[in-house]
Amino acid sequence: MGAEKRRRFRPDPRTWLLFCLLGIAAILVIRSEIGCLCLFLACLLIHLLAGNGGKILPYGLYYLIFYGIGWLGVGLMDSGVAFSVSSMLSSIGIVSRKVLVPLSFAVCLAGEPTGSLMAALQNLHLPKAAGIGTAVVLRFFPTIAGEYRAIRSSQRFRGIGVGVLHTLTHLPATAEYILIPLILRTTKVAEELSASMTVRGVRFSGETASYRSIRFCWKDAALLVLLLAVSWTALFLERSGVL
Amino acid sequence: MKQSKFLSLKEFVIVLLLACVETAIGLVVTMPFAANLQLVYFLAPGLAGLINGIIYVLIIRKCPKIGTQFLIPAIYGLYFLFAGSVYVFIFFMILAVVNELIMLGGGYGSKIRSAVPHALTWMLNAMGSTLTMLLFRDSLVESYVAMGMDAASADAAIASLEGFWLAPQNIAIALVAAAALSIAGYALGMKMLDKHFKPAGIV
Amino acid sequence: MIELKNISFTYENSREGDGQLRHVDLQVERGELVILAGRSGCGKTTLTRVLNGLCSQFYPGELTGSYLLDGQDALKMPVHQLGTMVGSVFQDPRSQFFTTNTTDEIVLGMENIPLERSVMQQRVKAVYSQMNIQRLLDRRIFPLSSGEKQLVAIASVCTMEPKIILMDEPSANLDSDAMVRLGALLYRLKEAGRTILLSEHRFHYVCDSFDRLVFMENGEISSIYSRSEALSLTEAQLTAMGLRPFQSPAFQVGGAFLPKPEDTLQVSQISCVLDGRQILEDVTFSAQSGRILAIAGPNGAGKSTLCRTVTGLCRSMGTVQINGEYLKRKRRTKQSFFVQQDADYQLYAPTVADEFLIGKRASQELRQAALARLHEMGLEPFADRHPASLSGGQKQRLLLALAAESGRDLLVFDEPTSGLDGYNMRLTVKLLRQLASTGKCLLLITHDMDLIAQAADCVLYLEQGKTCYHRNVLRDK
């Protein structure tokens, strides 16, 4: 029991979901650069307190890179360089920095053990199909890049899409040769995966029990209050003209 | 055995996984064009529709049931939700329901009706950037100013950006291009059905 | 326990009767370990699917006959209910997991029964300790090796405490050690009173524990052998039946392999780090034209990475010479041909014959050459078929034909006999030897001791990214 209590705090999956939704709302209403920076810093602090300290550096780097892209876009816009490029660069740089906030929470939500996620969705009284769908998507999505790489590496020995020039000059055939094995493989995985689920009793109807217990504790609430408070303050200061 | 009108677990997983691949292709196809306004608006959505037409045709041939049309835009819309574009997500969810309604009552038996949901999905995708831009309009102005532009220039830049996204002729070009390429994708899918999927024994 | 009477099954939209069942009668007693054997496509997998309810509740088709399980009519049970009595482990460990975490995967079946949480905790603890897999507790599944994934799949079934466990070629992706461990686990499960049906091509690891061997041909059970009868089948009989041998193959490795300057492939001091982990450390070896080098070692030893490096797919330190010339990565890819394990990624054309025209300008000569090669590989009747509709053995032979037709001197094959029956394995060995005899230099990444024993001239054994030994194969005969 003691060991249980000493175990490192890990937010409830529902907390990550609320962070996501709160983050989405916050980036819509907070418009100033400083307000967004405060929101982003609060987001990093939450990751630190939730035991995801290792993510702070990469997210910080992404923020700086997107800031650079935005700055470059705005600079080019000023200097009158092709508007179609500069406007896109600035939009990407500015919007992507904002999106980092909900997206970082979504990544944590996706990283939760499938059992906890399903238990959380069950507690939220969502249909069982939502839990099954979430689990299947989270299990499959990370493998798409690997499947693509496996196809591309095999194609090099067959003289398909070797080099950028060859790929561009044979684009339709290359696309077909990538897409067809990818689709066939995905269909096969889908059939095998659903067969394996079926024999272990996964179905849309019927009751299920959760092995993992999930608990929304005061620490979850405190973190949510933190994000809410920062967002609220930034918004208030913005509206009152301070930021 | 009596066939259900709704997706079975197996069909649900097939549609989900193939919809994931569609979403991934939709995102990857946009990347090379991301730095150019015209290409992002006029070409990328249609191109995604063209390639995904092959997957779409396979999905509706393998799983012509209630639920299929809902899942495809729903998965794509979820990506927009977590990327902060609530409007786009809501529109995709509405489209998901609309697509299901389009196919009710024997829609899968008609080749023309079956193409409509696919075209609508990628036409809405063409409007995704516009909606996102409108959502973050004020943020863009403030950021422009914070990054050294004067307020008048920032307003002018956003106005010309808005002018581009919202010009009726541009909206028309974007929608027509997305629709035309998506329908071409659907036709390509039908060709691939006979060339690959049927002979491979997966349909 | 299991009583099948006159069971027949035909898949909806099936092609040429592959995998169908015809009038199967079988009785299995409690606590028996029964091997289902036969050539690919003989109906073994379909029989396991009838037993676990997937045919016809998941794979549509026409099912007739009667199936009693502990006296109950199993054909009337919904598949999820049958799943609590008949646990199933499938062949490919990569595609059968539903969750991203080992513990969630192991408890999945119990959650769906559903059981009380305290009962689930007890069973998880018991299974972890019974299978000695505590190290796999609460891990992400993606980075696990095939063997570990297969153990998780078995553990997931065991926690449901089914009366019967069905396994469809569970050893197909396992290395020798993992196979031995699987064999020991099956023995313990059998001792604990579980009934086990094993659809398998490789029998070494259950040689000491199986009770009966059911031999199937063309969807029918053609004979059932007791353990002693099965073990007394001669090599000629097993070959005629298309089965692999029961005993581990008799061969030894010995005599250090001496590299020569004229060797086709010379690999020197290859080191490779991927994702911050050292995969290969200072590996040096060479291979000669006209000979077959088997690269063996446990899962995760770096065999595939080594071959990816040699063929230019992977960056590394060290040098690679092909035909006496030091080559950079891109040129190595152009001068070699790497057939990877999963055929699904490597076949792209709408017909088997068209596979030979990919990446080349189509001509009549090329088509003729392709047909001649297909004839040589016994694939000519399938020239107009879609490659995806071929069986596993046929796909492997097609890839072999494509490698042969590529005209490259260095040919690399990753697990070319994984999941192949005795007939297809022997055929593959014959074709590999034919290829070598034309002066090609062949590398085989493999766990398959039958393949090494029959095809390899020398063995490079890797462990934890380092060379353990590089020796010649010494055969008894």
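So that you can tell them apart, the chains are marked A, B and C in the order they are listed, and the count of residues begins at 1 in each.
The rule is simple: contacts are C-beta pairs under 8 Å (C-beta built on N, C-alpha and C of every residue); 3 or more make two chains touch, one makes a residue touch a chain.
Predicted model, so just to flag it, every value in this text is computed and none were measured.
Taking B-C and A-B together, the pair of chains sharing more C-beta contacts is A-B.
With every chain reduced to the mean of its CA atoms, the largest distance from chain C is reached by B.
For the pair chain A and chain C, the distance between mean C-alpha positions equals 35 Å. Rounded to whole angstrom units, the spacing between the C-alpha centres of chain B and chain C is 39. Taking the mean of the C-alpha atoms as each chain's centre, chain A and chain B sit 19 Å apart. Each of residues 10, 196, 200, 202 in chain B touches at least two other chains. Of all residues in chain C, those that touch two or more other chains are 58, 388.
Touching of two or more other chains is recorded for residues 136, 176, 180, 184, 189, 193-195, 197-198, 202-203 of chain A.
Note for the complex: chain A touches chain C at residues 113-115, 135-136, 138-139, 142-143, 147, 150-151, 153-160, 176-177, 180-181, 184-185, 188-189, 192-203, 206-213.
On chain C, the positions that touch chain B within their shared complex are 13, 15, 56, 58, 60, 350-351, 385-389. For chain A in complex with chain B, the touching residues are 20, 23-24, 27-28, 30-34, 36, 70-71, 74-75, 77-78, 83-85, 87-92, 94-95, 98-99, 102-103, 106, 129, 132-133, 136-137, 140-141, 144, 175-176, 179-180, 182-184, 186-187, 189-191, 193-195, 197-198, 202-204.
Chain contact summary for the complex, chain C toward chain A: residues 52-54, 57-58, 79-80, 82-84, 86-88, 90, 92, 94-101, 103-104, 107-117, 120-121, 124, 138, 142, 153, 156-157, 160, 308, 311, 313, 333, 336-338, 340, 342, 344-348, 358-360, 388, 402, 406. Those residues of chain B that touch chain C in the complex are listed here as 1, 10, 195-196, 199-202.
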